[in-house]
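Each chain gets a letter, A, B, C, D, E and F, in the order it is written, and its residues are counted from 1.
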Amino acid sequence: MLMGLYNYWVVVVLMMVGFYIVIAHGNLIKKIVGLIIFQTSVFIFYISMAKVDGGTAPILAEGIKLYSNPLPHVLILTAIVVGIATTALALALAVRIKEAYGSIEEEEIQKKDNQDC
Amino acid sequence: MQHTIILSLSLAAFWLANSGHNTALMLSLGAISITIVVYIAHRMDVVDHEAQPLHLTLKIPGYYAWLIKEIIVANLLVVKHIWLGNKSISPGFTTVTASQKTDIGKVIYANSITLTPGTVTVNLQGDQFMVHALLRESIKNLESGEMDRRVTQLEN
Amino acid sequence: MLAHLPILQVIVPLMAAPLCLFLTRPRLVWLFTLIASGLAFLISCILLQQVMTTGTVIYELGGWDAPWGIEYRIDQLSAFLLLIISAISTVVLFAAHTSIRQEIPADRHTLFYVLYLLCLAGMLGIVATGDAFNVFVFLEISSLSTYALIALGKDRRALWASYQYLIMGTIGATFILIGIGLMYQMTGTLNMDDLSRRLPEVAQTRTVFTAFAFVIVGICLKLAMFPLHLWLPNAYAYAPSIVTAFLAATATKVAIYLLIRFTFSVFGLSFSFTHLPLQILFLVLGLLGIFVASTAAIYQTNIKHLFAYSSIAQIGYMIVGFSVSTVAGLTATLLHLFNHALMKGALFLALGAVMYRIGSVQLNHFQGLGRQMPLTMAAIVIGGLSLIGVPLTVGFVSKWYLVLAVIENGWWPVAVLILLGSLLAIVYVWRIVEIAYFKPALAGTETIKEAPLSFLIPVWILVLANIYFGVDTRLSVQVAQAASQSLFGLSP
Amino acid sequence: MAFLVGVAFAIVWMKDLLAVIMLLGIYGLLSASFFVAMDAVDVAFTEASVGAGISTLLMLVAIALTGRAEHPARHKPLLALAVVIFTGSLLIYGTLDMPYFGLAEAPIHQHVAPRYINDSMQEIGVPNIVTSVLASYRAFDTFGEAVVIFTAGMGVLALLSVARRREDDAKIDLLNIPMHEQHLIPRIVIKMLIPFILLFAFYVQFHGDFGPGGGFQAGVIFAAAIFLYTMLFGMSTAHRVINQSFIQMLAATGVLLYGSVGVVSLLNGKEFFDYSALSADPVGGQHLGILLIELGVGITVASTMVIIFFNFADRKEYPQRKKD
Amino acid sequence: MLIAATIAILVVMIMATVRAIIGPTLYDRVLAVNMFGTKTVLLISLLGFVMGRPEFLDIAIVYALINFISVIGILRYSENFIVKPTEQQKK
Amino acid sequence: MDTLIQVSSALFLLVGSFLCISGGVGILRFPDLFTRMHAVGVTETLATTMILIGLIIHNPDFMVDIKLIIILLMSFFISPTASHALASAAMRNDRLWESNEKPDSKQVKSSNP
């Protein structure tokens, strides 16, 4: 039991570290970093599911019978692309926010926002 | 023009070395790819004597054989000092004069210095190279100018 | 070609988006977008017709059968949603050309339409697909384009709102991804239909429970359900008017659709509602949402903010109907979904017209507008009445069904609370009416004219639809009922 | 694995954003190595180029624009911690009933996947199963993927694009001349390397059927070569080489190419993305279809990445002119 | 032997990471990242052999390239920060 | 013959690993940036070469060998370039901080703290 699930638990810890960065940190860039870690750990989670003991990479070759599951790989390929797309957009927003507010700290922006109202 | 041809040929070799699939489809795709790459390279203006130093081609292997010997010797030296610890090293900067005339020659020389562990080219100012060395001996070795001479020989 | 309608529904706007880049003149792009959206609308009409007569339509992409390939599965519910989304999108687009000229710099116009089409395609894709992972992909298409669209707003706060939305939305999407992963882990399939068949075998495991929790929380983040709603008001308030009108009328509806789809179709009724305290949780959150958001709406000075909070409250109504978990309750939710799209589309579009003329939607700038822009203000008033739930408007119909459903379940206190919530709506709508009609116009605003026709026509189409479906309820009720019955596994 | 956790925790504590980004690069490389160990070579390929390469670069440009210090103040760390611990324990709770790691009997390996592994060779004729699933069985997901990246490109364009002027170009050229001098060595080495990197991108593009790789990875590598060029030769040179509006058209063309493969099969009376409609021989049709859509993905990704990068870099290099 | 080499490289990678974390200067970190990258290239090649499928060396080539690009990138864009404070000092 | 191949490959790998570890110790142990750079140089030249040669000997497949050679060649091109770029950037920065009045000075100075 311990060994069987150990891998997943480490992934969960990773996810939570990323998640913590996203909610607890006020710096916009740091938040994005957290988001990347969070997403990457989800990818690791998927890939761990796909592994079969004794299997090899799902590229057919002669003399090999056991392959790991290709489907999660496909899903994660797509998810990685989605991740980079999100990152790019988020960074673009952060840059614009810096130009508009002169800061990328959540609290300062909030303060300036309240002045606007 | 000759640079273009050389570039295309080396690209083709690169493709074949990587691909390993010699079907008609793959080969024609390779040909198309090479054409596109050469076109882009021309647009980027990266096809010239600097990037395709064909005049050096013949002499390079001999030089590299010598260089590899140097690298091995230098490596063992540095490793020895790594294990001996901080006290045994005597780091310092020095300036060496390069006698090469062309940029490419200088680059080969500078990279050779860097490749040899124990010495790193830090800065290029005209023909003056600033080098950082781990040991006094390496500085002496460099200042003896053997490497410089060999690289200059390559040029002619 | 009829057999290919499900895919065409999504592919038409999706392919039209990159094509826009090849057109040079913004006016041309606008026309092109309008045509694409109109085509999507036409297709969705035919599809609904098809589904109502022959039942669920299945389309296998790439010719691979279901659990291996991706399939599109259009039942009554999805057809209904497809119709709402494409209809609202088309109507809203009529006004787009005039509106964005004012609000978006000229060199961004083409991009605006590209993103708009992508957003539309993303939403249609979510609704049409029958594959859990495909939902995630299209969710991201629509979300990413939404973030960019919101950020196009003039105010710098639009950027901040968009950023907050992006963070929340991405967390939500990642949660959904985790949930899908866990489900896949237990069943080995991603197809929704297949999932619903294979999940009951493993329904007792803790993994499936966790999967359910993550999917639901993820969707609720996107849905802006009560405690997770913080991103919504600013996002709606500072986005360009057209975007607000489109999003307010459709985005949350898609999220509700996902909620219904996952709880009813994928996890199954018995799992969702008998094993878990979901019913009471949703009921409480829904009611709290109604009250907190309505109260917040009363104190807003920016009318877009006001209606945004009212949207959260209306989502509360839908959640209450959903938590009743009977055919009647679900019918009420679906009806409200449709009706709310009509109301909010009309209201935000009318606000867009106001924005176009006076460049602001602050409450105090509305003084005297009742006389200067009579048609626009009349539209806002009718929309407001509909929000309150006055008879002869659509708002009344759905609230009526909701109250009936609640009473049918014997939850009298809830019915009373729903009515109380409507009273709060009266307060905030009255504030607008009071200022617009009973205060003298501000000095220097005499020159304000009625909104241009390109606004009035779509606004009044929506307003008249509000009234028409409030009087003649046969069509909408019939479809909603059929959809909810099919979700409960009863044949209509 | 524990190694990854260490890096992640370090990221939490670091205040210097630049250092954080470098650690993020390490994190990307590490997780990519992990993917290799887990047999996911295609994913490792992508993660290496994206996680360690592109996103690090984008981050760098972004912090060059926004500044690198993080404020020490953190709000509500306790609440956040509570939320995180709750979510984490829910997940751990969820894993308790999960099949053990690597178990071949797990349902996930029993239901859908066996068909891919056993039959894809007859049905599609491509040894890389990941490619055949990606490009044929689940082609629509991949189309979605291409559209997502296209959307991001358009979004960044909408947010960041600046109007350039000729005079600015000249000014920047002046600034850049001393830079070229200093970078003599990198410049010459990169001049030698660039054609090979580009060709390697094409190689990855067309050999996705046989080994790891494919359109996405190829696109990223291609874009990376252009980034390299841009970084050393300056923005204005890069703009002269690559026309901005042309590259936008190219991005659109990629998506359209992918889509029209589907449309062609529609017109032939088959389902969308049913490649067997493309050729008389179904397997040949599949092959052709995969080739075409991979090309579409590659074009889209390469040009979108270039668009994104250029827009960030433009923001940095060109003087700002406020519009609103 | 392959496995021993793999472990050795992992150990070196950990050392590089430690250097990247403790710094102290920016360039120490870049150096560590660069070293980490080259070691990853070796690790991937070795892993391919350990797992018995050595055909996937393309990945290692990509790593080498990407690593190079990110080092150049870091240096190119870090110059912005570092020069600025000094210029202020001069004034 | 087979054992010979095995043994020699193992030998190369062993030497490579040892050099690698030495480099790793060096990067932790040496006092400042430039000296550390030399330690890294060790791992990038000889250690890499040794390990790759070990693998080449180990593997009879021609295609794989070619790729290993490509990696080797690339690392010979790339690693000095990267080191140099790093060193010169660090140098410029160093100078600007320490002696900003004479940014072009070429004096020999010791960097040992």
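We adopt the following convention: contacts are C-beta pairs under 8 Å (C-beta built on N, C-alpha and C of every residue); 3 or more make two chains touch, one makes a residue touch a chain.
Note that this is a predicted model, so its numbers are computed, not measured.
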Go through the assembly and pull out the chains touching chain B as well as chain F.
D
Chain labels contacting chain B and also chain E
D, F
Quick one: which chain's Cα centre is the longest way from chain C's?
B
Among the chains, which one keeps its Cα centre farthest from the Cα centre of chain A?
B
How big is the gap, in whole Å, between where the Cα atoms of chain A centre and where those of chain D centre?
14
Could you state the distance in Å from the CA-based centre of chain D to that of chain F?
29
Counting in whole Å, what is the centre-to-centre distance of chain A and chain B, each centre being its mean C-alpha position?
39
Multi-chain contact residues (two or more partners), chain F
23, 25, 37, 63, 67, 70, 78-79, 81, 83-85, 88, 92
Counting only residues that touch at least two other chains, what does the list for chain D look like?
39, 41, 63, 91, 95-96, 98, 106, 108-109, 112-113, 116, 138, 141, 144-145, 148, 151-152, 155, 159, 182, 185-186, 189, 192, 200, 207, 210-212
Got the chain A residues that touch at least 2 other chains?
15, 19, 28, 49, 56-57, 59, 61, 71-72, 75, 78, 82, 85-86, 89, 93-94, 96
Go ahead and list every pair of chains that touch.
A-C, A-D, A-E, B-D, B-F, C-D, D-E, D-F, E-F
What residues on chain B touch chain F, complex-wise?
14, 17-18, 20, 71-72, 75, 78-79, 82-83, 85-86, 89-95, 110-112, 114-125, 128, 130, 132, 134
Of all residues in chain B, which touch chain D in the complex?
7, 11, 14-15, 18-19, 21, 26, 29-30, 33-34, 36-38, 40-41, 43-48, 50-52, 103-104, 106-107, 110-111, 121, 124
Of all residues in chain A, which touch chain D in the complex?
1, 3-10, 12-21, 23-30, 32-33, 36-37, 40, 43-44, 47-61, 66-78, 80-89, 91-96, 98-99, 104-107
Using the touch definition up top, name the residues of chain F that touch chain D in the complex.
77-78, 81, 84-85, 88, 92
Chain A partner, complex, touching residues on chain C are 133, 136-137, 140, 144, 147-148, 151, 156-157, 159-160, 162-163, 166-167, 170-171, 174, 177-178, 181, 184-185, 190
